[in-house]
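Here chain A shows up in two complexes: once beside chain B, once beside chain C.
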Partner chain A sequence: MKRLSEERTKTLFEKLAKYIGPNVKLLIERPDGIYCFREQKDRVYYISEKILKLAETLPPNQLISAGTCFGKFTKSNKFRLHITALSYLAPYAQCKVWLKPSAEQQFLYGNHVSKAGLGRISENTEKYQGVLVYSMSDLPLGFGVAARSTAECKHADPLAPVCFHQADIGEYIRSEEDLL
Partner chain B sequence: MGRKARFNTEGVLVKRGPGKKAKKQKDPTFPKALLNGDSDAKKLSHRQKQRLKKRLVKRKDVAKVAKESSESEQEDEEVWLKPSVSQNDTKVLPGEGFTDDNKSWLKPKRQVVIESEESDEEDCKVGTLNDVSDDSEPDDDDLLPIEKENKILKQQQDEEEQLAEDELQMNIADSEKFKLPSKKEREETASLQEVQQRIRDVIGVLSDFTKLRDEKHSRSDYLEMLKADLCTYYSYNDFLMEKFMQLFPLTEVLEFLEASEVQRPLTIRTNSLKTRRRDLAQALINRGVNLDPVGKWSKVGLVVYSSQVPIGATPEYLAGHYIIQGASSLLPVMALAPQENERILDMAAAPGGKASHIAALMKNTGVLFANDVNSERIKAIVGNFHRLGVVNSVITCVDGRKFPKILKGFDRVLLDAPCTGTGVVAKDQSVKTSKDEQDIQRCYNLQRELLLAAIDCLNAKSETGGYLVYSTCSVLPEENEWVVDYALKKRNVKLVDTGLEFGNEGFTNYRQFRFHPSLKLTRRFYPHTHNMDGFFVAKFRKFSNLIPTTAGEEQGEKRELEEEVEVEEVSTKKQKKNGETQPKKAKKSKENNTSQQELKEKSKEINTSKQEQDEEVKTKKQKAKKVKQNGDIKDNKQEKNAVVDDGKKKKNVVQNSKADTRKEGTNSPKDNKLKKEKSASPGKKNVKTGEKLDWDKIPKEASVKLNKKIKKVKKKQVGVMKNKMFKKKHT
Partner chain C sequence: MDVVKTILEKSAKEAEKYKSVEVNKLVSIDLGALLAEDLNPLDPGALRSSTNDYLLNLTRDNTQLLFNQIWELPTERIDEAIVAKLPKQKFCLPRFKPVPRPRPLTKWEQFAKAKGIVKKKKSKLSWDEQLQKWIPLYGFKRSAALKEKDWLIEVPQNADPLEDQFAKKVEAKSEKVAKNELQRLRNVAKAKNVKVPRFGLTNPEVSSAKDLQAAVTVAKSSTASLGKFQDKLPKEKEARGVAAITPGATRKRKLPPISGQNEKNQNLNLVDEVLNKRPKINIEKAVARQINDEQAQRSDEKNRTGRKKGLRKSGGGKKPKNTNRPRKGKAAGGRKRR
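After this line comes the complex of A and B, so read on.
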C-alpha cells in the first residue's frame, strides 16, 4: 500500500471528475473520518485511514484487497475505472441514463445502449461525458460514456448507440476471476 | 342488430337445427368382457360359435324327441317350476307365425335360455352368445344375468379377500422369522429393492432384538449386514457408514441418509447494507420468484421455492441486494453477534458469505478481516464483497495458523473450519466414498491448530467482545466436540451459550470420549431434523490472554523426552519400566494425542538422542559390564530391592576398584536411565530442570542420591589420589 504519485493522483481525479464532477471533493472530505486513496500493484483502493493502518501491517504479497478497489493504472499510465467503484460513483453521479427493462439484459451482457433501449436521460448531458446507467427502478447497472448529447439523442436513429459500455454489474459473474 | 328470429306464422319460436347439444350422448356401451363378468373366458371365434350353434341344435332335437314322448306329463311341471320357460313360450308365440325357416332359427334361442338355467357352465357361454347374436331378447333375462354376475362377483371378491389374508399371514410370518441371509445369498441379491427390504427387516429385528432375533446370530452379525446393505443402497464407503451408525441411533441413521440424498431448499440472504427484506421479496416476486421467509429466527433469510429466472443472475443479485447462502450458514454469524465498530476476523472466509453477513451486521463500521489460504477462492471473496458493498474489509491470503504472528487483538473471531463435509453430503456426493480415517485425522489436526491460532488472535480484554465462534459443516464428533474440548484444555477459554434457540446439544459423552460438561452449550444441526445442512456451532469466551503452559504439560513433554531416550535402549527390562511410568506420563500429557506435537517433540528428542549416542559410544564397554552385572537384579523385578542390592554391590565394588565404583553406582536400570538423561540434558536447560523435579518426586532416586553421598564419603576416606583419578574419569 503506497501513496499515489502526484501525476497519478491527477489522472485519477480527472477520471473521477468525468463521472461525478465536483463531487470528487465529497469522497475525500468525509464527516465520518479520513479516507484516502492508496495504490498496490497498480490498483487503486479507497480506504478509511483506520483500516489502512491495520492493513499496512500485512506483507504486500498477502494483502489481496482493502477497502474498495476503484480501478487500475494501465501500462500506459491511464486510469481505468472498475465496476467495483460503482457503489461510490452511483450516489454522486452527474449525468444518468435510465434503461428500459427490455434493454437491461442487453447492457448486462456488455453491449452498448441503443436509442431504442433508452428510457430516460438526464438533461444537459454532453457528448463523451461519463454517465451512470440505471434501470428504471433506479438500480445502478454500470457506467459508460455518452455517445451523443441529450439534444442529439432526440433525433437519433433507434439503433444508434446512445451510451458506450464501459463496465456493468454483469462482470461480477462474467469475469469474477479478474475483477481486480 | 341481432340476428332475425324465425317465428312461424303463430309467432312461436321454431328451433332451427338440433340446438347446442346436437350430439346427444348415447347410452353407454360396455365392453363385452365386463358385461360377462368373467374376464377369463376367451372370446369364441366365429367357427367355434357356429359349431356351438350346431351342437345346440342337435341337443335340442334330441330333447324335442324326448319331449314329444312325455310332453303331456311334463307340461304342468315345467310351467310351475320354470316360469321363464312359460315366458319364453309366450314370446315364441308370435314367432310361430313366422315362416319355417324363422322358426328353426328362433327355437334354439328359447332352448338356450332354458339350458342356461340348468347349468352354470353353459350359461356363461350362452350369455356371450346372446350378446353377440342379437339384442332383441334381453328384456326377459335382464334380472337373472345380473344376479348371476353378482353372485360370481361376490365369489371372486371372497376369493380375493382370502388370498389377501393369506398373503398378509405370510408377510407376518416372514417378518417374524426374518432369517439372516448368508454371504452367498447376499451377493446374489440383484435389485436395490431387495436390499432396501432387507434393511427394513434388519432394523425391525434390531428394534426388538431379544424377541425377534435368530438365536444363531449375534447382534454384531445383524449390524454387520445392515452396514453392508446401507453401504450398497446409499453408496457410501464402509468407514463413513460405520461412523454414522455410531453417531445416530438406528432409526435416525436411515432418516439422516435419506435426508442427505435430497438437496436442501435454496435460501438467500438479504444484504441489509443495500436493501430491506420486504423490498427484495417484492422485487423478486415481480420477477416470478416464489419465496417465503426462512423462519422466525432470521430477519434476513428467504427460502426460494421456485423461480422462473435464474436466481443467481437477476439484476438484483448483480446489484448486491442478496447472496445465495444456505440457512445453516446464517447460524455461526448469528452466534457471533458482531457489534458495530469492532475488529473482527473471519479466519477461513471464502467465498465470503458469512464474512459479508458479519459486515452487514456491523453496518460497514469497524474493521473486518477476511482471510483464506486458497488464493483461487480469495477471488470469490473480492467479488462478493464489492458486489455487496462491503467497504470496511481487508482481504488477506494467509495461512490461518500463522495469523496470530501477523495480527492479534481482535474483538471477535469466526472460524468456519475446513472439514470433511459430512453434513453436506447432498451438496457434494463425493464425500460418501472419498473419506477415510486419515482424512478425518488430517482434518481435525488442522482444525485444532486453526482453533488455537484463532484463540490467540482474540483479545480477552476487549470491552465488547472476546468471543470466538467455531463452526464446521461436519457432523462427526472428532471434528467438533473433540476439537473444542482440546481447545478448552489448551487455552484460557470457556464455552458460552450460542444464543441459538434451536439445535441439538453437543455431546459430552461419545463412545470412548468424555468431553467437558460445558459442551452441552454447543449446538448441532442435522439435515433430517432441522432441514438444513449438517452443522456444528460452538461459542467461546476468552477470559485471559495468557497461554497456559502448566508445569504438568512441560513435565509431560519432558517425560516424553525420557520415553524416547528409553526406547533407544534395547534391554527388555527398561521397556517394562517404561510401561510402569507411562500411565503417569499419559495423564500429565493429555494433549499429546496430536501427532503434530509429538512430531515436534520427536525432532527435539532426535537432537538430544544424538548427543546421547555419542556419549553412549564412549561408555559402551562400561555399559556392557553393567548389563551383565544387572542381569540378576532385573530378574527380580523389584526395583526397591534392586536399588538396595545395587547399593550393597556398589560398596563392594568400590572396595575392589575405585575407578569402576562410580559407574557401577548407577548400576540399576533406573540409574542407567537417569545417567543417560543427564548426558542428554546439556542441550536443553528445561530438560535439566524437569529432571530435577523428577528426582525430587521419586523416592527411589532420592535413595540413589543418598547412596552416592555415602560413596563419596567413602571415596574420601580411600585417599586423595584415588579421588583425583575418579574425578578425572567423571568429568
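After this line comes the complex of A and C, so read on.
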C-alpha cells in the first residue's frame, strides 16, 4: 500500500468531485477518525488509519485488498470508479437519476438509460455531469454520466440516452473477478 | 599362487609370536578404492578414558580387515613384486565442484529450438553444372571456384551503370561477416552475463517511440540544473530504465511517511485546489439555466391561458400545474424534480 502521488490524488479528487462536488471534503474530514486513500497495484483504496496500520504489516505483494476499493487508475493515468465506491458516494450525491422499475434491469445489465426509462432527475443537472442512479424506491443502483441537462431531457426523444452507464451493482455478479 | 601360500604360512607361524590378525567385525570394505568403512558405533566409555589408544586399536583392527581381504584377491608377480588385482571401485566419491552448467544457447539456437528447426547436414562437395566439376561448400578452393564462376556480373536493370558490381559484392560480403561477428560477440556477452555498453540513440528513422521518449528524458535532465526548471507537458511520462544514462537521476524512492493528520491536511488542500479550479463562468450551466427559465416561462404562460380556457370550458375543475417554477437563489443540485 503506497500513498498516492500528488498528481494522482488530484485526478482522483477531480473525478470524485464530478459526482459529489464539494462533499469530497466530507470523505476526508470524518468525525470517526482519519481516513485516507492508498494505492495498491493501481487500485485506490479508501481506508481508515486503524486498518491501514494493520494492513501495512503484510508484504505488499501478498495483500489483495484492504479497506474499500474506490476504483483504479488506467494505464493512461485516468481514474475509473468502481461500483464498490457506491456506498460511500451515494449519501453525498449531488445529482441523481431515478429509474422506472421497467428500466432498472436494463441498467443493471450495463445499458445506458434512455428517456423512456427515466423516472425523475435532479434539477439543474448539467450535461456530462456525474450522476448517481437510483431505483424509484431510492435504492442506489450505480453511477452514470448525464447525457443531457435536465432541461434538455424534457424534450428528448423517448429512445435517446439520458444517462450514460458507468458502473452498476450488477457488476458484483457480472464481473466479480475484475472488481478487485 | 604358491609363493603367496608359502608366505602366508610363514607369516601364520610368525603370527603366533605377534598380535592376532583375525578380527571379527562387520565392516563394509571397498577393495577397488582400498577403503574400509566402519559404521559400528564407538564405545563411549573407552573413547573418553583413553582416546588415542582406543582409536589406534580400532584403526589397526579395521586396517587388518582390509588387508585380509586384499590377500584373498588373485595375485601375480610382476618384476619381483607381488601385485594384487583390485576389482572395480564401488564407492562413489562426490565431486569437489558442482557439475559445469551446459553452455547457454545462442540466440539462433534458441529460435531454432522454439521453431523446431533441425540442422541438416550438407555434403562438403557439390556438383556445379556450370563449371562441370565438384566444388567445396567452404574452405580450400571454394573462393577460387567462385571467382572462376562469377567472372562476369550482369548489371541489374535499374542499377547505376558506372557502379562497380564486384566491389559491391565484396562490400556486402564483408558486411555480412561483420554482422556475424557482432552477433557472435553478443551471444558471448549474453552467455557470460556481461553488460554491453549502450551506444547513443540510433537515427530517428529507425528508432521507436520508446527510444525517443528516452532521448527526451535524458535531454531534459542535461541542463546545468539537472532539468529542475524544465517545463513539463500535461501528460508527459518519464522514460523508464534510463537512470544509468540520465544525469542526476537516482532510483525512484517511495514517498516518505507522514502522519495521518498531515496527510489529511494535504488532501484537504488538494480538494480545495480542485474545487476552486472550476471556471468562474460555467457556460454549460448558464445555458441550461437559460433554457430552463424559458421553458418555465412558457409553461407558466400556457398554464395561465389554459386556466382561462379551462375556466371557460369546465368551470375550473383542473388543478394548475405550478411545480416547474425556477427556484432562484438556491444552490444547485440535491433537489428532486418530478
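Just so it is clear, the second predicted complex is superposed on the first by the 180 of 180 C-alpha atoms of A that agree within 3 Å, B and C clash if a C-alpha of one lies under 4 Å from a C-alpha of the other, contacts with A are read in each partner's own complex, and residues count from 1 in each chain.
Operating definition for what follows: contacts are C-beta pairs under 8 Å (C-beta built on N, C-alpha and C of every residue); 3 or more make two chains touch, one makes a residue touch a chain.
Because the structure is predicted, anything quoted here is derived from the model rather than measured.
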Which of the two partners, first being chain B and second being chain C, lies in contact with A:26: first, second, both, or neither? neither
According to the stated criteria, A:172 is in contact with first (chain B), second (chain C), both, or neither; which is it? first
With the two structures laid over each other on chain A, which partner does A:51 touch: chain B (first), chain C (second), both, or neither? first
Is A:136 touching anything from chain B or chain C once the two structures are fitted on A? First, second, both or neither. neither
Common interface residues of chain A - those touching chain B in one complex and chain C in the other: none
In the complex, chain B residues that touch chain A: 283, 312-313, 315-316, 318-320, 343, 367, 369, 375, 378-383, 385-387, 389, 391-398, 406-407
Complex interface listing, chain A residues touching chain B: 48, 50-51, 54-55, 57-59, 62-69, 83-84, 87, 104, 108, 135, 137, 139-141, 169-170, 172-173, 176-177, 179-180
Which of the residues in chain A end up touching chain C in this complex? 2-3, 5-6, 9-10, 13-14, 17, 21-22, 24-25, 28-29, 34, 36-37, 49, 76-77, 93-96, 120-128, 149-152, 154
Help me check something: in the complex, which residues belonging to chain C touch chain A? 235, 254-255, 260-261, 263-264, 267-268, 270-271, 273-275, 282, 284-285, 288-289, 291-292, 295, 327, 332-338
